[in-house]
């Protein structure tokens, strides 16, 4: 199957970026302009894990979990602030060609144990008890609870959406409780990583929102500095989403970014605005603030909660 | 009879192709964990998922049934002439009352 | 004879898949990106095939492996109903548009199964969102196809193509193709109606897909694009009818045109939240297709 | 040859029908039933009833998807991770099933069945069309009205969000004159519509809900005049349709419960405004009806949450 | 001969549906049993229409009406299940035995 490998070597390198402190703008510029690189939507579709910038210590376990979720053959490349994008792009292409030609893959960083032992436990050996109990195949099953929008008390799914989620600002870890796809509870576990002023440029902020609206092409154009060619951008953002007194709503902020202005308004504790929102609305709301503004607002809200109100 | 053969052929061919090409290598536990941007879930993703537009789904079943009535109507429409247009106008009028009611009660969104 | 025709349809499907993939990679050129050569799709598919396929913790294994197969088979069934030449189709079904309608319904089920079976949060959200949007999209699709069946006085696609001898349905029923394009975007998971995918849920139903599984899903998605475009060409652009060139060539040209149109619409229109799209579908597109049917009825009389 | 195919399809249909009650996963159960319907449709195709066959596939595919969604929503152990066994009176039902099959089977085998096959090549779909528009037009229109009744029944029974507010809040029609007291019988205090164990209970007393009450009153006033011509405040561009949520969760810690209601304002006028009853948790949700001029009112959300 | 095969299959489906409707505790599985019984009825109608009635149009109309009954039964059934679950979180038949007491 060597012809398949030579054919694959010519393909664009599938990369999943885990963006650390200070490198958000460079990574976005890299993917928008460098040829031969493709940003994978999830690590399952990627072969290279690009660790950009420095990852703080508390985010290391999350990086290990992320690294182990890439299918084999995989490889990790670090990109420190000083290295120019042409060099990293060449290194990525070269790493991908090695992998395509059968270079050895990286082993797991975490031990190979299921979250809870389940083999052979319980009457049927799948670790469960009765209908809903136990940890069938390693995890318990979600339990019902009150819903804040619609009186049906159905299962509440709780999970920590990690620092390297493609739809959240890099570094932000949220503990979310979901009923269906509506967020019922949201807590901030870690603040977004600090990014330089360049990441708050209106073009980059607008590009992030356009990507969430499904407009890959227009987002790349914005990142490269041209006007986006797309229809119904303003209409797609729901009116009144994330409206704060003095900061307008997500639509106004997107309009301002598209016309080059940077909106001044800062939200007051955005994390508390998440419960009640559907998943897509929540991601649009978080992306409708510049990374710096959002980080300051979340930090300010966190200090507020530490001081007993 | 040949219709069933065609359907069976396409489905069989596709199933064989999929089964043959995909060999799921036994994944280690960290590789198998669900992707949450580096985060961890508490429970299985399979849950009593709160499908928010549930009333829309029920109204949709009734609306779908009307389509089944409209297909034969379409075949004889030209030969039946204006009578068919009037009758279908009445049929669609009755059903658009249901649509208006649903819209006014606000069921066409996430509940 | 029909075995030869079936082989022809299979070859046409394969070529269409490759053409659709190439259109996908050509589209960035319109937005100032790089235009990819015709070999680009093959390289990307090879890149997928050389990588392992990871399994999730407690998946519904059978449904997970077979969902791309059903998606591919439904595209092939949809394509075999389309008349390749005047009066010649692989499946002479007297109820061709109802067959396409059931293919649509089964495609929505297949995408739901594709999102349900990995037992992972993002695919599950993608599956349910798509079910919520995929169901109502079937209504405008049926209204539009019924409107096209009115002048033909039959539900068979061969009769619908024959009824367009003097003027195409695109001309007689102008709203037909745009409404049907909305249906096509939903079935092929593109652009404003791609609720089973999207960056906000990290790839949606294929967030946990890798290797051969992802390859099969992408190929099946392109096969559905080919089937949808061929049907739209047959119903609205007269399919194999046309001067000079033989029937199949006309059908191929018109199918390529509709494929390009769909790929472009997919890249240029923004995707709103599922709740608002549900509102738009039920409160805007459905009454619009009511009106379209009423006007087409009067025109056909 | 077609007999053989019919036998195979019949066996496949019966086997998948039996599998429906044997599998653990609810999604597999409902799609097994769909396969059984597809087998029936295949037999219909073979018995020269093309429209009925393909329409059955179409209709049943949609219904089984909705059935799968609802089964997963309301049944324990939705995905069959643990073995599923929710049966009662098992022996009785097996007996009933066997007796039914034996009785019908005997009836089939013993009676001499009529034998006049459908003439090949008749345009059955056109026949059905003429039947629908001709002699059975009454059945056709009655079916239409029945489907309308089904739609209304489904909306009334299952939708919680109504024009006059939440169904389980004892929602009441607006006053006779704008801003007046709500008309209709006031449900008794702490009425029967309180929730089971975890719900947010009946009416919170007016005390700490005053911010929402005056909002409520204003809503109602606005609602009543906007009521007769449907959604007065409906802006044509299909604005965001998500309603302002009603926060009924009781066991939330007070620190979290004060909810920045203002983000929930102006959420698409398509929804009916909230006839807010303050739940016992001091929730206050300023979700004024989101007509186009709502932006200037966003500030009101703030002054109310001093609780 | 074909009609006998089809009718036997229809009665088998009806038997399984009856078993399901009687044995299942959960409302939704109970409705699955009802749908299976209606599937048997639909198969019998198609069989009789094609082999016994000589293709009478009323036969097809009856098949469409049976499909309408399936749709209506399912829509109202699930609406009731939703209403009941919202009130009482009950999803098995045992939970609503209040009339018995």
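Residue numbering begins at 1 within each chain, and the chains themselves are lettered A, B, C, D and E in the order written.
Definition applied: contacts are C-beta pairs under 8 Å (C-beta built on N, C-alpha and C of every residue); 3 or more make two chains touch, one makes a residue touch a chain.
Just so we're clear, the structure is a prediction, and the values are computed from it rather than from any experiment.
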Identify the chains in contact with chain B as well as chain E, in label order.
A, D
Can you give the shortest number of steps from chain A to chain E, where adjacent chains in the path must touch?
1
Grab the C-alpha centre of each chain and report whichever is closest to the global C-alpha centre.
B
Sort the other chains by how far their Cα centres are from that of chain A and give me the top one.
E
By count of C-beta pairs in contact, the leading pair of chains
D-E
Averaging C-alpha coordinates per chain, one finds the centres of chain B and chain C separated by a number of Å equal to 14
Whole-angstrom distance, CA centroid of chain C to CA centroid of chain E, is 33
Multi-chain contacts only, two chains or more: what residues does chain E have there?
64, 67-68, 71-72, 74-75, 78-79, 82, 85-86, 89
Two or more other chains are touched by the chain D residues 2, 51, 55, 58-59, 62-63, 66, 69-70, 73-76, 79, 81, 86, 125-126, 128, 130-132, 143, 147, 150-151, 154, 158, 160-161, 167-168, 239-243, 268, 270
Multi-chain contact sites of chain C, meaning residues that touch two or more partners:
52-54, 57-58, 93, 95, 98, 101, 119, 121-122, 128, 131, 135, 138, 154-155, 202, 207-208, 211, 273-276, 278-279, 283
For this structure, enumerate the chain pairs that meet the touch criterion.
A-B, A-C, A-D, A-E, B-C, B-D, B-E, C-D, D-E
Spell out the residues on chain B that touch chain A in their complex, using ranges where they run on.
25, 28-31, 33, 35-52, 110-111
The residues of chain C that touch chain D in their complex are 58, 60, 63, 93-95, 98-99, 101-102, 105-106, 108-109, 112-113, 116, 119, 128, 131, 135, 138, 154-155, 273, 275-276, 278-280, 283-284
Where on chain D does chain B make contact in their complex?
1-2, 5, 42, 45-46, 51, 55, 58-59, 62-63, 66, 69-70, 72-75, 78-79, 81, 125-126, 128-133, 137, 140-141, 143-145, 147-148, 150-152, 154-155, 158-163, 230-231, 241-243, 268, 270-272
Mind listing the chain B positions that touch chain D in their complex?
1, 3-4, 44, 46-51, 54-55, 57-66, 68-69, 71-77, 80, 83-84, 87, 90-91, 94-95, 97-98, 100-111
With touch defined as at the start, can you tell me which chain B residues reach chain E in the complex?
54-55, 58-59, 61-62, 64-65, 68-69
